[in-house]
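Pasting in a structure now, in structure tokens, and then I'll have a few things to ask.
Chain nomenclature is as follows: A, B, C and D, assigned in order of appearance, with residue numbering initiated at 1 for each chain independently.
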Amino acid sequence: MLIPEVNPDHLALIPIQRKRRGWQGMIVTNPNCTTIGLAMSLAPLEKQFGVEKVMMTSMQAVSGAGYPGVPTLDILGNVVPFISGEEEKVERETQKLLGKFLDESVKPGDFVVSAHCNRVPVEDGHTEAISVSLKAKASIEDLVEAWRKFRSLPQERDLPFAPKHPIIVREERDRPQPKFDLVAEHGMATVVGRVRHCPVLQFKYVALSHNTIRGAAGAALLNAELMKSEGYLD
Amino acid sequence: MLIPEVNPDHLALIPIQRKRRGWQGMIVTNPNCTTIGLAMSLAPLEKQFGVEKVMMTSMQAVSGAGYPGVPTLDILGNVVPFISGEEEKVERETQKLLGKFLDESVKPGDFVVSAHCNRVPVEDGHTEAISVSLKAKASIEDLVEAWRKFRSLPQERDLPFAPKHPIIVREERDRPQPKFDLVAEHGMATVVGRVRHCPVLQFKYVALSHNTIRGAAGAALLNAELMKSEGYLD
Amino acid sequence: MLIPEVNPDHLALIPIQRKRRGWQGMIVTNPNCTTIGLAMSLAPLEKQFGVEKVMMTSMQAVSGAGYPGVPTLDILGNVVPFISGEEEKVERETQKLLGKFLDESVKPGDFVVSAHCNRVPVEDGHTEAISVSLKAKASIEDLVEAWRKFRSLPQERDLPFAPKHPIIVREERDRPQPKFDLVAEHGMATVVGRVRHCPVLQFKYVALSHNTIRGAAGAALLNAELMKSEGYLD
Amino acid sequence: MLIPEVNPDHLALIPIQRKRRGWQGMIVTNPNCTTIGLAMSLAPLEKQFGVEKVMMTSMQAVSGAGYPGVPTLDILGNVVPFISGEEEKVERETQKLLGKFLDESVKPGDFVVSAHCNRVPVEDGHTEAISVSLKAKASIEDLVEAWRKFRSLPQERDLPFAPKHPIIVREERDRPQPKFDLVAEHGMATVVGRVRHCPVLQFKYVALSHNTIRGAAGAALLNAELMKSEGYLD
């Protein structure tokens, strides 16, 4: 499971996978489309400050359910506070993606995640209300700087589908919104905003990710580009 | 500020208010429509187990903004992750409503609340994804029982606008939903569902409250009924 | 095919059907849910003035397509100007329902109908923009009076599911609307409004009919009640 | 009032306007955003076959009402079958735009128009269900060819904002739709589809026009470009 900006080092699992199973090919997958915005926004925080606790409530678009997907009668003017298997997946995948590659396997990230997943009448774009507490001391400005400076292997290699800025921080008090921020970096960026103190954990923010571009088709393409650039597709 | 089921004892502030200000009348208000579902669902937990920490993410209906309220162009197929002043209000009001009347004043509840408030394209009904940790040990069954057994002064007095069951617990895995559960007890009940363990706090659940009935008009009427029954309107 | 208020005399086809096919039972059907509002509103006009030409453009709710029906991705924020087979059905059924029972068969109404059928993001309620020209001279007031006075066999028999007023005329300049007028007579009435002159045909008006009550379940029940009252179910 | 593709000859009114009023400037306006799709699709029919009768039912987007415009509570999941003054405007403007410049004034087109205007929960794009009868004999293929071949002064002059194909005809049975066809020619084309026989008039079709681009901002720019190219802005 791969997000090229988050865990490119996990590609080292491929030679191990090949050796163990006697494969010449490999299986590399996208995480769930809801995991991506969360993991992307946590990656620079984990690296720089260490993540301790994460609470995430999603407001997910109907396109996340594929086509034909959600019947109109179920969601028009409604909220459905349940998506089968989604919360467990988001909790587990986020720990795995932010885990470290060590001794031929991935050690899950040393933090807890709680997800509340909801479907809302939006066509594209998963909006996530996130609270987080960190291991090291940090200020709101530190978080913003960590997000803005965040670059990873796809950016260093200048891969064609890689967003120049994987994380964009908006300053307006009411952003990101699916209607305005989905197309940032052709749908490949995670857009973050409303960073503020949380009375229960330490910080609260909102993250938005394009579920069918960054969460599916674009993610698969960027995975392939990274794997090619690493020599795994030769 | 009054929710008849939650803090009827706070009406004892009226004689104090009258004395201090030389009034014959009084000022009694509804809390914010987003606070009501949260405070109603917390009231029996606070009473029985003690509340320690609360995290709440709302998905609020457009009718909460009054009329003409939210322009269609802002919300159709969109999520707006910001409502001016709402989060601070919900955090403060919840502590106040669950506070104890002591020595002629209300001591705010001894717990922290964090609110993420969002507007979604739903006509009526605020859906809230809530995580909570409690002071005393409790099981999911204990919470469900506390909610189901919850009765308060309006129920004892059999006030005309009082819901017979102030809190209704749904067993289905995808409820409550605005589309189906808003009309429970003529819009005066808080409907709770999806009670489960939370990896970060202790429990997660979903609460739904009718923002224009229980959150506004109906709340004011029930306030009046309670005040009359207590003899404050004579 | 039966609308109890429109063509109760067509039940005379049942003995003929029984005789010809050697049946003891019978087959009686509802017309299409889009036909009903149109045929109901035309029935008193046909009877009193004679209908000559009809043009109808529908804006149909998603529930008309059954469940799961229309995928959200197809209709959220969209108009689909096509419903398979619907226009032909509405044109043919309207002529048939307003036809006369004569010589052991139904002679279709002597007028032309043109239908444009569209799906819009509405949950329940088919709204229809109708233009009509009549054979006899009539004024707007005549039409309104014909609709308001319209009663038929289900009303005379006082059948339990029969609306007391099968056609309700609203005076406001922006009604009927699905949001406000669907529940008139428990969803069994056709609500008409905006009656005005048409520069191309003679009159224009808007009609609204509940597609799952009057257009399906309620229609079937009223059919059964009428058939029982006529002795066909004994 | 000007649609550059429809009535560029009406610019000859400018010198007359200047002379009569002693002006050096001029007033040139866009028609209503609902008129544009109708007049564009009728222009080649009027020129080639002569238009006799037109019936148009619109399903108009909320952005047509400006910002803040339509309150969400009015239109979410609803149809509003009334827009103040709109029907009269569409009927009058269409005749005027397709009129001939003759003897220093514009003689309105010699045909009747009837408009039914409705607001639907769509963000951008006015969909119009149109029936038309023509003076000269024509087939469906003739109409399609007339639309596809239609070019006018903005195309001949190759004006920057002019769509290369002012009218696009879609062959699919369920198009045009706002969701898919709005962006044709950067929102400057009128997209037509579902051309078929009409039992009441002669032909039926659906037209879609972008109400804020072709219907407002883009229209004003193309007007200015045409006026400059004609030497009126020197």
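Here, a residue touches a chain if its C-beta (ideal position, glycine included) is under 8 Å from a C-beta of that chain, and two chains touch if they have at least 3 such contacts.
Keep in mind that this is a model prediction, so the values were computed, not measured.
Student: Would you say A-C or C-D is joined by more C-beta pairs in contact?
Tutor: C-D
Student: So which of B-C, A-D or C-D matches A-B, with over half of the contact pairs the same residue numbers?
Tutor: C-D
Student: Any idea how many Å lie between the Cα centroids of chain A and chain D?
Tutor: That gives a centre separation of 45 Å.
Student: Starting from the mean Cα coordinates of chain A and chain C, work out the distance between those two points in Å.
Tutor: From the centre of chain A to the centre of chain C is 52 Å.
Student: So, what's the distance in Å between the C-alpha centres of chain D and chain C?
Tutor: Averaging C-alpha atoms per chain gives centres 33 Å apart.
Student: Specify, in ascending order, the residues of chain B that touch 2 or more different other chains.
Tutor: 74, 76-77, 121, 123
Student: Report the residues of chain D in contact with chain C in the complex, numbered from low to high.
Tutor: 53-55, 57, 59, 74, 77-82, 91, 112-114, 116, 118, 120-123, 125, 127, 129, 131, 173-179, 193-194, 198-201, 204, 206
Student: Under the touch definition given earlier, write down the residues of chain C that touch chain B in their complex.
Tutor: 76-77
Student: List the residues on chain A that touch chain C in their complex, please.
Tutor: Interface residues on chain A, with respect to chain C: 62-63, 67-77, 121, 123.
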